[in-house]
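Chain nomenclature is as follows: A, B, C and D, assigned in order of appearance, with residue numbering initiated at 1 for each chain independently.
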Amino acid sequence: MFNFKTNLGEAQFDNPIFTASGCAGSGRELSQFFELSELGAVVTKSIMLKPRSGRATPRMAETPSGMLNSIGLQGPGIDLFLEKDIPWLRDQGANIVVSIAGESVEDYAVLARKMRAVSGISALEVNISCPNVENRGQVFACHPQTARAAIEAVRRNIGGELPIIAKLTPDVTSIAAIAEEVVAAGADALALINTVLGMVIDTNTMRPKLAGKTGGLSGPAIRPIAVRAIYQVHEAMPHVKILGMGGVASGRDAFELILAGASAVSIGTATFGDPSAVIRIKNELQAELIAHGFDSLREAVGYAHRSEGNL
Amino acid sequence: MMGINKNATQMMAEIVSNKRVGAYNHIVFAVGDIASHAKPGNFVAIAVGGPNSAMVLRRAFAIYRTFDKGSNGGLLEIVVAPHGAGSTWLTNQLPGFKVDLIAPLGTAFGIPTEPVRALLVGGGYGSAPLFGLSEVLKNRGCRVDMVLGASTAMKIYAPLDGKRSVNSLTTVTEDGTTGITGKVTDVLADIIETNQIDIIYSCGPMGMLEAINVIAERLGVVHQCAIEEAMACGIGVCMTCVLPIRGEDGVVRMLRSCIDGPVVDGDSVIWGAKRVIPEGTWGAH
Amino acid sequence: MFNFKTNLGEAQFDNPIFTASGCAGSGRELSQFFELSELGAVVTKSIMLKPRSGRATPRMAETPSGMLNSIGLQGPGIDLFLEKDIPWLRDQGANIVVSIAGESVEDYAVLARKMRAVSGISALEVNISCPNVENRGQVFACHPQTARAAIEAVRRNIGGELPIIAKLTPDVTSIAAIAEEVVAAGADALALINTVLGMVIDTNTMRPKLAGKTGGLSGPAIRPIAVRAIYQVHEAMPHVKILGMGGVASGRDAFELILAGASAVSIGTATFGDPSAVIRIKNELQAELIAHGFDSLREAVGYAHRSEGNL
Amino acid sequence: MMGINKNATQMMAEIVSNKRVGAYNHIVFAVGDIASHAKPGNFVAIAVGGPNSAMVLRRAFAIYRTFDKGSNGGLLEIVVAPHGAGSTWLTNQLPGFKVDLIAPLGTAFGIPTEPVRALLVGGGYGSAPLFGLSEVLKNRGCRVDMVLGASTAMKIYAPLDGKRSVNSLTTVTEDGTTGITGKVTDVLADIIETNQIDIIYSCGPMGMLEAINVIAERLGVVHQCAIEEAMACGIGVCMTCVLPIRGEDGVVRMLRSCIDGPVVDGDSVIWGAKRVIPEGTWGAH
């Protein structure tokens, strides 16, 4: 029997295919196309303390094999989210990973305290790829000190229970250095990668296409960047589990991230082109793993790192 | 916040016919059961470019009309303006080719329970969903007047049987190549007053919808419009397609035009909010 | 009459479309398809002090809307290059920009001295996106100090004549910060962007596809990253001229980079798919500029930055 | 270092025919003048995926043969194994469709000035360029023997008229579905000795070429082979397609297989250098 089980820190999952934060709505919209309980986990959109309108439109631009978005973390705020979305997801039998995002270290601390009492959650994904209002809007995950501070705040406030997955941006000189910092600060696992900062200029209006000017690049275009980041971080810290993401659109692609070192894989942009992409990818991945002679997912994690001698 | 259109289905749909009509392509798909679920105002989302396409997002098209002939024979029709790469690709596909399609999506035009006097206003390919709407309204005993506008005659989409389905049809073009010279909004007030219009249904560019709404508000006529905002997913999961809409509770929220729209009440929309979040919007700061 | 002329520092060019370094061979191969003198400039492959075999094969992998390469700067070394390639390019009437690359600060100094006496060159592109053997193979352009040191070495040794264009990598936390550093060190203009670090794993062999493991991502996939980098740097230093590049495959794309702030545009990967891409793009760009009502290229440079008031 | 094939031309070439033959597609293009310039061993580079394709690089294919009927009638034929996305796309294109093609590219097989005894060895679709070569050799009065190998019968490409053009044809398959069971290299030594072969021409997977070269060296037979290394441009500007080759001056250099190849002398290649730079290569450090 093929063993598809995986874990991120203490959190256990039946299979390694997750939704990506911000790419699965509240879960309700996708549940029209398949059962959410079939997924390894549903990762919720990043939730903040307060309700948030997000950025003005236009919020997206298609790019070659990808897209830019600048949603700006639109959402109802943590209280309404815990009241409405979480119970519903629990009722679906979904394995839930909650993503949180803050604008200050204090925000992360408060969010963690609020999550502490919530039952039926497998892990917390901490999105630190967002602007820090206390530091000229610079992204937490761009600097070792702020990345560390945000994760420490969550660690201190979450209690011993919930595994923390720190989500990093690839827009840094050394992602392995940031990864080491957040693991030292108490992250149990890492989510790699968030979108890559990009811009599209509309040549008709001759201005940036997005109202927010820059946006996050996602989709197959960034897959080689994701694979590289996962490979580098797994090489630096082979014992730290990685939730990989970035441009995965097929089981082959998910397999590629797993070979690089991911223990689970989130699917974002692919869902926009194909609502049931996650289920298709899960099935394709299992077939790939079996075809390559693996008895379990775990054996394949980081397999591309084996020494040349094993050729 | 509503959920996704509960009848939405994803399928590979064969192109039955694809014909050039003026500046547009009229494309017919075999969609089986989907045809029986679609209502005027709903849209379809189609994957473009084929395998190995660099275009990763679907394109949305208003449903022009459907023929419900059961699961084998259901047909769905759209009108496509070859514009950028995705729509141009679609207009180049031949009958027999299958496309990946999701339908029906989004909200539909609200149909009054009483016979009313309705004015349907379409800009460019925005006329497409109005003909199906007109049929439904006529079946309910409504009087239906229609105004179609475009920059030029080639961009007026008004097939013969469509024309027959309305009580009156006024066409307006900016270059005067057919009908009245000017903009649709030039003729609205007159028609509304002469025909004692109760409700306006509109579909077309956002600027036109906004101008219609000004007139509708001034003359106290109900106005439902089908808006168009860039969509990445069409099924409510990406939050790209939002616009500020005032709810019944008076609160303005950034709502998804793919789920809470495309058809919305004209006076619930905070117009002119492109590139800015209107003050007071829920969560704005 | 439409004015297509442009300049980078003191260097003047008849039109803004250049080849990208490492993407035009010695020039001879492309001269089969068009006259090199029709280009704004031929940018040579980055030349090093000594002959260099480059990396082992496989050296490339196709990716969605892009490709990875790890050529490893194969080349004949500066002496043979100056003896064989430069005279030939001069004979073609080509406007020549020589790209140099070093493994140490001293290398850059020696290369600059060797270039000093060479006539018929318009500018020097200094590729500092290469590994520094003196600093654990870290890329010069990744750190302010090493980026500065390399450019200072060139500035000191080149004499007053030749404009220096510093070529930067986007693989940094803040490209504007590096840009400011190299301009302070004496760069007259900037080339943005070099390839983005990526990796592809071959799911058949289950190992990195490239012999060098990681490689540089280029092509349309990275265009949004290039536009963002050019926009950010032009915003920070509007007076510094930029040679833009990254995923340009049409006149529309070149126009996008120009609106972001590029005064000239290099074409790399597009030439691999279409040998005469540079000429096609040049013609398309001129048509775009005229269609948008510009009388000269210069008016369009950075036009996307104008204030919202000018809408 | 040589320059690009001086007759290389880029054109939009119409597909005249595209037929399945065993595991392959035999595709014929109308190429006008190009046909008269191509020599056995040359290749074409074809853009794949159509407009908006996510595939940015051309694919190389050995020229199977050409018919020179002047600028209007010149034909060029290739044999394609549908493998990944690019080749599969190409095999799915119908007659009438035009592809962007550059040809002829690369070096050609060297043709002896005297009549010699030649052995042509092909693996899989590697047989394709050998039939055109065989015709040229026969016209020069050479004796031509041929050995074709593949994993299975479906992967032996050997059309009837091709078979007729050689003095003897031996087929070898690993699964024994046709001809001798085994590998081409199992039968070479025998044929070389029996037929007193002067020169071997080979085309196929690198592993096969290397094994042939061992035999050729041992028996002192000249060996020319057409190598296959991943190519990004096909015209000599990207330096991706290199492999270590010893020049006449004894120095090993990383040479481009698209310009200095694909046809090279078997004994000039430093075999087994995949993923490493052989010691002593010019510029290695």
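Operating definition for what follows: contacts are C-beta pairs under 8 Å (C-beta built on N, C-alpha and C of every residue); 3 or more make two chains touch, one makes a residue touch a chain.
Just so we're clear, the structure is a prediction, and the values are computed from it rather than from any experiment.
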> Which chains does chain B share as contact partners with chain D?
Replying inline: A, C
> What is the distance, in whole Å, between the centres of chain A and chain B, each centre taken as the mean of its C-alpha atoms?
Replying inline: 35
> Just curious, how far off is chain C from chain A if you go by their C-alpha centres, in Å?
Replying inline: 33
>> Measuring centre to centre with CA averages, how many angstrom lie between chain A and chain D?
In response: 46
>> Quick check on chain C: which residues sit in contact with 2+ other chains?
In response: 64-66, 219-220
> Listing for chain B: what residues touch at least two other chains?
Replying inline: 54-55
> Connecting every touching chain pair, does the picture come out as line, ring, star, complete or other?
Replying inline: complete
> Which positions of chain B touch chain A when the two form their complex?
Replying inline: 3-4, 6, 8, 10, 47, 54-58, 100, 102, 229-230, 232-233, 235-243, 253-254, 259, 273-277, 281-285
>> Applying the document's contact rule, which stretches of chain A touch chain D when the two form their complex?
In response: 64-65, 220
> If you look only at chain D, which of its residues touch chain B in the complex?
Replying inline: 49-55, 85, 89
> Mind pulling up the chain C residues that touch chain A in the complex?
Replying inline: 63-66, 68, 142-143, 171-173, 196-201, 203, 206-208, 213-214, 217, 219-225, 227-228, 231, 247, 252, 255-256, 259-260, 288, 292, 303-304, 311
> Given the complex with chain C, which residues does chain B contribute to the contact?
Replying inline: 54
